[in-house]
Amino acid sequence: MEILLAILIGLLYAAGIYMILRRSLVKLIIGIILLGNGANLLIFLLGRITKGLPPIIPENSEVFTEAYADPVPQALILTAIVISFGLQSFAIILVKRAHKVVRTDDLDEMNATDEDS
Amino acid sequence: MKNRFVSNILLTFVWVVLTGDFHVSNYLFGFILSYIILMVITRGSKKAKYFTIVPRLIFIILFFFWELIKANLEVAWEVMTPKLNMTPGIVKVPLTVQSDAGITLLANMITLTPGTLSLDVSNDKKVLYVHAMYIKDKDKFIAGIKNGFEKRILEILK
Amino acid sequence: MNILIGIIITLGTLFVLLAAVGLIRMPDTYLRISVNTKAATLGIGLLLVGVALYFYDLSTTSRAFIIILFLFLTAPVGAHLIGRASYFIGNKLWDQSKMDDLQGKYQRNSHILKSEIDDTPEDNVDHEKME
Amino acid sequence: MKTIILRTASNYLLPVLLMFSIFILLRGHYLPGGGFVGGLVAAIAFVLHSFANGLKNAKALLKFHPGFLMPAGLALSFFSGLSPMLFAGDPFMTGLWYHGHVPVLGSIGSALFFDIGVYLVVVGVTLTIIFTISEAP
Amino acid sequence: MTLVEYCRIIILPVLAFSVILILVRFFKGPSIADRIVALDLLITTGIGIIGIYTITSGSSTLLDTGMILALIAFLSTVALSYYLERRSKKK
Amino acid sequence: MLLAILLGFLFALLLVFAGKFFKGKFAVLSSLIPLGLFVYFLQFIPEVMAGEIMKESYNWAPSFGVNLGFTLDGLSLLFCLMITGIGFLVFVYTSAYLHHHKYLDRFYGYLSVFMAAMLGLVLSDNVISLFTFWELTSISSFFLIGFNNTQEASRKSALTALGITGLGGMFLLAGVIVLGNIAGTYSIAEMLNMAPELIKGHQYYSVAVILLFGAAFTKSAQFPFHFWLPGAMKAPTPVSTYLHSATMVKAGIYLVMRFTPVLGGEEIWNTTLIIVGGFTMLYSAIHSLFRTDLKGVLAYSTISALGILMFLIGMGTTESFTAAAVFIVVHALYKATLFLTTGIIDHQTGSRDVTKLSGLRKVLMPVGIAAIIAAISSAGIPPTIGFLGKELTYEATMHAPIIATVLLVGIIITKILLLWAGFVAGIKPFQGKLPDNLKDTKMPGPLMWVPPIVLAVLSLVFGILPFIIEGSLVKPVVAALGGESGEIHLALWHGFNTVFILSLVTITVGTILYFVIKPSAKLETSIGKLEFISPKSLMERFNIGFTYVSSFWTRVFQNGYLRNYVFIIIFFLVGMVGYTMVGSTKFNIDPAILSNISFYELVVSIIMCIAILFTVFTSSRLSAVVAMGVVGLTICLVFVFYSAPDLAMTQFSIDTLTVILFVLVLYRLPRYLKIQDHKMRIRDGILSLLFGGMIAVLALEVLSEPVNTEIGDFYAKNSYIMAHGKNVVNVILVDFRGADTMIEISVLTIAAIGVFGLLKLRLKRTDRVQ
Amino acid sequence: MMQHLIIYPLLFQLFLSIVLMFFWNKINAQKIISIGGSIIAVALSAYVFYFVWENGTQKVNAGDWDAPYGIVFVADTLAVTLVLLTALSGLAVSVFSAGSVIKDRLRFGYYPIFHFLLLGLTGAFLTGDLFNLYVWFEIIIISSFVLITIGGEKAQLEGAVKYFTLNILASIIFLTAIAVLYGLTGSLNMADLAGKVAAVENRGLVEVAAILFLVGFGTKASIFPLYFWLPASYHTPPAAVSAIFGGLLTKVGVYALIRVFTLIFVGDVFLGEILMVLAILTIFSGGVGALVQNNVRKVFSYLIICHIGYMIAGLGMFTEVAITGVIFYLIHDIMVKTNLFMVSGIIFKIKSSNSMRALGGFYANYPKLSLLIFIPLFSLVGIPPLSGFWPKISLIGEGFKTESYWTVAAIVFASFITLVIIAKLWAEVFWKDAKEIPEKPKFEYFSDLNKTKKTQFIVPIVFLSLISLYIGFGAEHIQILSARIANELMNSQQYIDTVLNNS
C-alpha cells in the first residue's frame, strides 16, 4: 500500500501544482487544497502507516497491549488540516473579493502591482 | 410546556444511548444538557400529545419497514433484470395532513420506500409531488399512499 | 450466530451493489435518486446491524443504531432537495415516463410551487421529456 | 431554500446535532472526537439551520454574534493553559487535574477546559465565516 | 472461512466494486445532479465499508467515523442543491 | 585632536537648530572655527620639525579592531594646515559670496562637516575610521555640489560625483578590510612597524593595492574617473575652491602618500601610479585647451595637477617625494587663488566665459593682481613658489627609475599646457580692452578680494623664502613618505643646469602657445565631437545599458504573472532536489517494508486517482468541487484503514465545510476560462509530474530508512497514566503538544476575522489608499 | 514563576490579542491598550533579554513534558535579541498605526491581528520545536494575509493573491520538509534532531530535506528565485503594515534559515555553495530591481531583497565571523526597514503620492523632517558610522578569508547600488522642486492632522532612528552581542545540552 500511497501523494502534489499553474482563480484554490491534502497524506505515510489499533487506549487498560498506530503524525496532520481549513476559507473569500474588485478571473490580468508606478 | 418536557426526556434518552453510560448521573447530565439545548433553540411552542403516540409510532415503524423491504425487492428485480419495465412519472398527491411535521414525516417515508421519491410540497401545503417508478394507475397509486402512510401518520398526529 | 451475521451482511452488501448497478442503469436523474436513497439505506442499515451483532456490545450497538437513525433522518431530505434542484436545472424525465404533474407548477424565479397551474404559465419551469 | 420538508427536518435535526457535537467534544479525551470535530459538528448544525430557515433565522437563534465565541473560546483556552502557572507554578499548558472520578466526564482537568475553548473557537470561526459569506452581496 | 475472512475476501471487494460502479456514474453525469447523487451514494457506501472494516480490523472505534459521515454527508447535498437552485434562479 | 575634528560636526549640528542666527551679518564669524583650528595646528610645527609624531586614541569598537586613533605627523600636518587655512579663507569668502543666501546656514553646515571629515581623514591612524571620514567627505561633497538642488544639472552632477566617489569608497572599504586582514590590524602605525615583506609578500598584496588605487583614483579624479570633477563645477565657487582643488580631491593623493611606506616600492605600485598619473596629467592638460568656461579650464588643469602628483609619488624617490610635497603647496595656493578670482569675476560680471572677458584690470585691480601672481606661479615663473615646484618636478623626473626621457617629455608638455591654462584663467580676463557691457562692474567687498590676495602673496613669499616651508612642511612630509629628508634643500636658484634650460623652454613655448591658441567656442565644439569616446560618455552609456539590463532582468523575473512565479519556484525546487537525489541517494526501496495491497485499498486508490484527474480536467467548476469531495472521502477512508479515526472525522467534516464554502461563493465566482494553450499545458504538465514524481520517490526512499517511534511510544505510555486521557491523539492535541493547538485556534480566529473584514469592510472612496 | 520568564513576552502578546478582541468596536480603547501593551512588551522582552544575557540560554517545557517529547521554548541570545527587536518594532508601529491607519480598518480588527502577528514572530523566535515553528509560521502568514488585505483595495487584493499563493506554497514545502525529517528521525525537537540527523546514514536524503527547508524558508526570506511575492505586494497595504512586514517578516525566514542551518544541517559544503550563489543572485536581483523603480515603497521592497542577500551570503560562508556579520546586519536591518516604510507612510501622508517622479521639495519645506529621514536612509546605505556599515567589515573580511570573491563583489555591488539608489531617491524626493500634485478631495493630508496624530507619525520614526544611531555609534555593544550569538550558533552543543537536559 505504501507504493500506492506514494504515487497518490505524488499525484496530489502534481495536480495541485498543475492547477496553480493555470490562470484561473478558482483553479488556484483547488490547487492549493489538493497540495494541502498531499502534504497531509505525506506526513501520514512517512510517519509509517500501520493497521494496528487506533491510538486509543482500550477500555479497562492503562497502556497499549497490542500494536497501535503512531499517534504523533495523526496529531500533526490534525493540526495541519485545521490550519489549512482556516487558510482555505480565507483564500476562497480572497478570490471572491479579488474577482469582484479586479473584475477578472484571469490571473494574467492581475499584474498591475508588479508594474512600475 | 408538555411538548418541551417530552422533547427533553426524549433527548435525554438519546444522550444516554449515545454515550452508552446508563448511570443515574448520566441521565441527569443528559437531562440538563438537553434542557439547555431546548432552551437555546425553542421559539414558540408546538403542541403534540406524545403519550398517545408511542404505540402508534411503533406500529408505523413496523409498517414502514415492511414497505421498505417489499419495495426494495421490487427495485432490486427491476435493476437486475435486463429490460426496464418501468412506468415512471411525477404524480401529484393531494394532502390531508396539514402540520409541517406530518407532511415531512410522510414525505420522508415515501422517499425511503424504494420506487418513490417525494420531490416537493406545494407552497400552499395542499399537494405533494411524488416521483414514482411504477405508475400503472395514478388513482390507485394515490390511494395507496393515502391509505398507507398518510392514514397512519394522521392517527399519530391526532 | 456468525452465520446469521454473514447472511445479514451479505444481504446488505447486495443491496448496496444493487443501488450501484441501479445508479448506472437508471435512465434519468429522478430514477437514480430513487434507487440510490433506499437501496443504500437499507443496505447500509443491514450492514450496520451485522456489525452491531458481531461486536455485540452496547457502545457498538448504540453507534450502529445512531448511524442508521441519522441516515434515515437525512437521506430522504437530501433526496428531496436534489430531486427538486434537478427539476430546476432542467433535468428531463425519461422519455418513457408516464406523466409529469410538476410541469408548469414551479415559478421560475421565486421557486414557489403551486398546487394548480394558474394563468402565469410563461414564468413557470416547464420542460419536455427527454428526447 | 424555502422547503417545508427541509425546514421541518432541520428543526428536529438541530438539537440532535448540537447534542451530538457536545457528545463528541466530551468524549474526545477517551475516544475519537474532541473540540475540533465537536465544534465543526455544532457549526454544521447551525449552517444547516441557516440553509433551511434563512440566515436571519439562524442568527436570531444564536442571540449573539458568533464572532464573540472566538475571543471567549480563546480566553478560556488561554486561561486553562495559564492556570498551572498561576495556581501551581508549573509551566504553561501543564495539565492540572482534579483527582477523583467525576461522573460522565471522567477526569476533570485543565485539558478539558482547553478543549471546550477549542470547541467554542471552532464554532465561532466557522459560523462567522459562513454567516459573513451568506450575507455578502 | 471465518466471518472476518469472509468480510475481507468477499464483502469488502464487492463493496469496492460497487464503489467503482458509482464512480462510473459520477463520470458519466451527465448532469451535475447525477454527480451529486453519486457522491452521496459514495459516502453512504463509504459508511458501509467502514462498518465492515471495523469487523476485519476488530476495532469498533473506527465506527465513530461512520457516525460523522452519516450525520454531515447530507449537508454537502443540501449545500450543492442550494447552489443549483440559486444558480437556476439567476438564469 | 578629537575635539578639533568634532568641532566642525558640532558646529553643523548647532546650525541645524540655530541656523537663523548665522544667516545674517554674523556669518563671517563662523570662519573663526577654521581660523582657530589653523592656529591650533600651527603650534604643532615645532614638534613635527623635531620628528615627533603626536598620537591620540579613543576606544570605539574594539571588537572590530576599530578605534578613533589619530596620528599627527608631517603629512597630516601639511593637509591639516591646508584644510584649515584655505578653509578659513573660503569661510570668509563665502560670507560675502553667498551673502543673504536663503540657505547660507546650511552651506556653512555642509562646509563644516566637510572640513571636520577632511581633518578626520588625514588624522586617522585606523584605516576603518579613515574610511569613515572618507565617506563623510563624499556625502558632504554630495550636499555641497547639489547645493542648488532645485536645478536639475546640479542634482545630476552631485549624483555623478557621489556615484564615482562612492564607487571609490567601496574600493577603499574592500581595500582596507583586505589590508586589515593581511596585516592583522587596522592601525597604519602598526602596519608600519611590521616587517614589510609580511604585507608586500602576502598573496592579497596586489588585491589591496588595486583596491586602494581604485579609491584614490576616483577621489583624485584620475583617468578614467576624472569626469566627475568638471561636472562638480556646478557647485558654488567656494566649494570648487575648497573641495575640488585644494582639499578633497587631494584625499586620494593623501591616501597614496599615506600608504607609500606600507605598500609602496613594489613594481605594481610605482608603475601603476606613473602610468595613470602620467596619462591623466597629459590627457587633461590637453583637454583644458578646449574649454571656454573659466571653471572648466581650472577643473581640467586641476585634474592634470593631480595627475602630476600621482606621477611624482609613483616614481618613489626622495626627489620625487620632495617635488610632490612642494607641488601640493604650490597647487593649493595658486589654484585656490584662481578659483577665488574666477568666482569674483563670475559674481561681479555674471559670466565665466573667457572669450567674453577682458580688460577687467580696470575695474577689478586687486583681484587682477592676485590672479596674475597665481598665473605666474602656475606657469612656474620665478620668484613664485611655482618655479620651485616645477624645477623639483623636472629634476625628479630626470632621475626617474624608468624611461626617464619619455616621462620628461610628457611632463614638459603637461607643464607647457598648464602654463597656458594658468594664463588663460589668471591673465586673459584682465588684459586687453574692457568691453562696454562690463564697464559697470564693481569691486566686491574686501571679504571677497582679500582671501585671494592672501593666497597669492603666500605664493610669492614661499617662493622667495622657501626655507619657511622646507623644515616645517616639506621635510616632515618626505620623512612620512619614507624618503631621506636629510638630503632636501629648497632654494629658488638652483644654478644654470639642464633643469633650468627645460624651464626656460617650458615658459617660452607656453607663452607662445598662449598667444597662438585662444580659447574659443569653436575649439570647444571640436572636442565635443570626440565626446562619444570619452570615459564620461562611456560611463553614461554604461549607465543606460545597465539600467536597461536592470529593467530587463526585473521584468523577466517580476513579470506580474503568478503562474510564472510558481513555475520558477517549483522548477528551482525540482532542479535542486532532482540534482541531489540523482547525485547522492541510492534508490534502495526495500520491498519488504511495504505492506501488500488489498483489493479494496486498490479500489480506493484508483478512485482517488481518478477523482484527482477529474478535478484537474473537468471543465465545470462545480464538478471539480464535487470531485474534490470524492478525493476527501477517499482520504478519509485511507485514514480509517490505517487506524486514524480522529483524522478521518476531521478530514471529512472539513471537506464538507469546504464544499459548503465553495458553494456559497461559487456562483459569484467566474466560470473557468477557456484558454487553449497546449504548449503551456504540456510544459506545466511535465513540470508538475516531475514534481509529483520527485515527492513520490522521496517518500519511498524515506520509508526505506529505519523508523524511530520513540516519541509516539512515550505519548502512548504516558497518555493515561500522566495525562489522564485514552485518546492519545486528543491528549497530544490538548496536552503533550497543547501549545500547537493554542496557536492553531488563533490561526482560525484570525482567518475568520480576515474573512469578516474582507467581506464587510468597504472603504469609502475617499479613504482608499490612505 | 521566574523559571517561566522567557515565554512571558509570548503569553503577553497572546493576552493582548485576546483582550483587544473583546474591545472590538472601541477603537480608542484599542489604541491605548495596544500602545500601553507594547510598552509593557518592550519592558518584558528587555528583561528577558537581560536575564538570558546574564544567565545564558533558558528553556521552558510547555506542559512540563521534557524535550524531545513536549514542545520546548528555548531562549538563547539570538532568540531573545529578536524578541526584543520585535517588541521594539512593534511598539513603533503600534504608535504609528494609531496615527496613520484609518478608522475603518481599525474597526475590523487591525490591532488584534497586529498583535497576533507579533505573537507569531515572538513564538517563531522562541520555539525549539520544528512543527511548532510551522504553526507559528502559519499564524504569521495568516495575520499577514489579513493585514495585507485589510481594506480590500484593488491593488491590495492583486498583491495579496500573489503573496498568498506563494506563501502558502512555501508553507506546504516546509510541511513536506517536516514530513521527510520526521520520517527519517521520528523527532520534531530541533535540538534532538541535531543529533538524529547527524546519525542518518543516507546523507542524500538529509540533503534533500535541507533543500526543502531552504526553499520553504527561502521563500519567506525572499531570496532568489523565490522572492516574487514581495515586490508584488509590499507596497499595497497601509504603511504601518508594510513597516512591520518590511522589518520583520522576511527576517523570520532568515532566522529560520540560520537556525536550521546552524543546528540541524551543519556545515554542508554543497549547501553553503548554493547559499552563496543564491545570495549573489538575490543581491543582484534586488539591487537592479530597486534601481528601476519609481514608487518609493517599491524601491524599499526591492532593497529588502537586496539586503537579504547579505545575510544569506554570510550564512553561506559559515564562519563565526561571517555569522557575526549576519546577526549584526539582521539587527540593523530590522530597525531600519521598519523605519523606512514608516517614512514612506509619512511621505505619502504629506503629498498623497509615493511616486518619485511626482514627489519633491521635502528638503525645502520640511528640512528637519528631511534630516530625520536622512538617518534611516543613509543607515541603510551603510555610510559609516551609521548602523549598516559595521557588518560589512565582518562580511567582506570573511569573504576574502573564505576566498568567496564573487560574494565580496556582490556585497560591494550591493553597497554601491544602495548608495546610488538612495542618493537618487534623495535627489528626487527631497531636493527636486515640489511639483504640484492635484489635491485629492477629502484626502486627509499631514497638514490637516491634529497634533496628537502628527506626534504619532513622527515619534516612532524618531524612536527607531535613535535606535539606529545607537546601533551605529554603539557598534561595539552590538558587535559583542552579535559575536556572542554567533558563538552560540556555531557551538550549538550548548543549546542542545540545555534543551535535552544533558549535563
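Read from first to last, the chains carry the letters A, B, C, D, E, F and G; within each, the first residue is number 1.
Everything that follows uses one rule, which is that contacts are C-beta pairs under 8 Å (C-beta built on N, C-alpha and C of every residue); 3 or more make two chains touch, one makes a residue touch a chain.
Computed from a predicted structure; not experimentally measured.
**Q** Using the contact definition stated above, find the chains touching both subunit A and subunit B.
**A** Both subunit A and subunit B are touched by D, going by the contact rule given at the top.
**Q** On the document's contact criterion, could you list the chains that touch subunit C and likewise touch subunit D?
**A** The common neighbours are B, E.
**Q** Indicate the lowest number of steps between subunit F and subunit G, counting one step per move to a touching chain.
**A** The distance in steps between these two chains is 1.
**Q** Of the chain pairs D-G and B-C, which one is connected by the greater count of C-beta contacts?
**A** B-C
**Q** Just to be sure I understand: the centre of a chain is the mean of its C-alpha atoms, right? Then which chain's centre is nearest the mean of all of them?
**A** That would be G.
**Q** Between subunit A and subunit C, what distance separates the C-alpha centroids? Give it in angstrom.
**A** Those two chain centres are 32 Å apart.
**Q** Taking the mean of the CA coordinates per chain, how far is subunit E from subunit F in Å?
**A** 70
**Q** Rounded to the nearest whole Å, what is the centre-to-centre distance of subunit B and subunit F, using the mean of the C-alpha atoms as each centre?
**A** 86
**Q** Provide the C-alpha centroid distance between subunit A and subunit G, rounded to the nearest whole angstrom.
**A** Spacing between the chain centres: roughly 27 Å.
**Q** Which residues belonging to subunit E are in contact with no fewer than two other chains?
**A** Subunit E, residues with two or more chain partners: 15, 17, 19, 32, 36, 57, 59, 61-62, 64-65, 67-68, 71-73, 75, 78-82, 85, 87.
**Q** Of all the residues in subunit G, which ones touch at least 2 other chains?
**A** 14, 17, 21, 62-63, 131, 135, 138, 142, 145-146, 149, 152-153, 155, 161-162, 165, 169, 176, 180, 183, 188, 231-232, 292
**Q** What are the residue numbers in subunit B that touch two or more other chains?
**A** Correct list: 18, 107-108, 118, 120-121, 123.
**Q** Who touches whom among the chains?
**A** Between chains, contact exists in these pairs: A-D, A-E, A-F, A-G, B-C, B-D, C-D, C-E, D-E, D-F, D-G, E-F, F-G.
**Q** What residues of subunit A sit close enough to touch subunit E in their complex?
**A** 51, 53-54, 56
**Q** Hey, which residues of subunit E end up touching subunit A in the complex?
**A** Where subunit E meets subunit A, its residues are 57, 59, 61-62.
**Q** Which of the residues in subunit C come into contact with subunit D in the complex?
**A** Within the complex, subunit C touches subunit D at residues 73-74, 77, 80-81, 84, 111.
**Q** Provide the residue numbers of subunit B that touch subunit C in the complex, in ascending order.
**A** Answer in residue numbers: 17-18, 20, 68-69, 71-72, 75-76, 78-80, 84, 86-92, 107-124, 126-127, 129, 131, 133, 135, 138.
**Q** Quick check on the complex: what are the subunit A residues that touch subunit G?
**A** 20, 25, 28, 32, 35-36, 38-39, 42-43, 45-48, 72-73, 76, 79-80, 83, 86-87, 90-91, 94-95, 97-98, 101-102, 107, 110-114, 116-117
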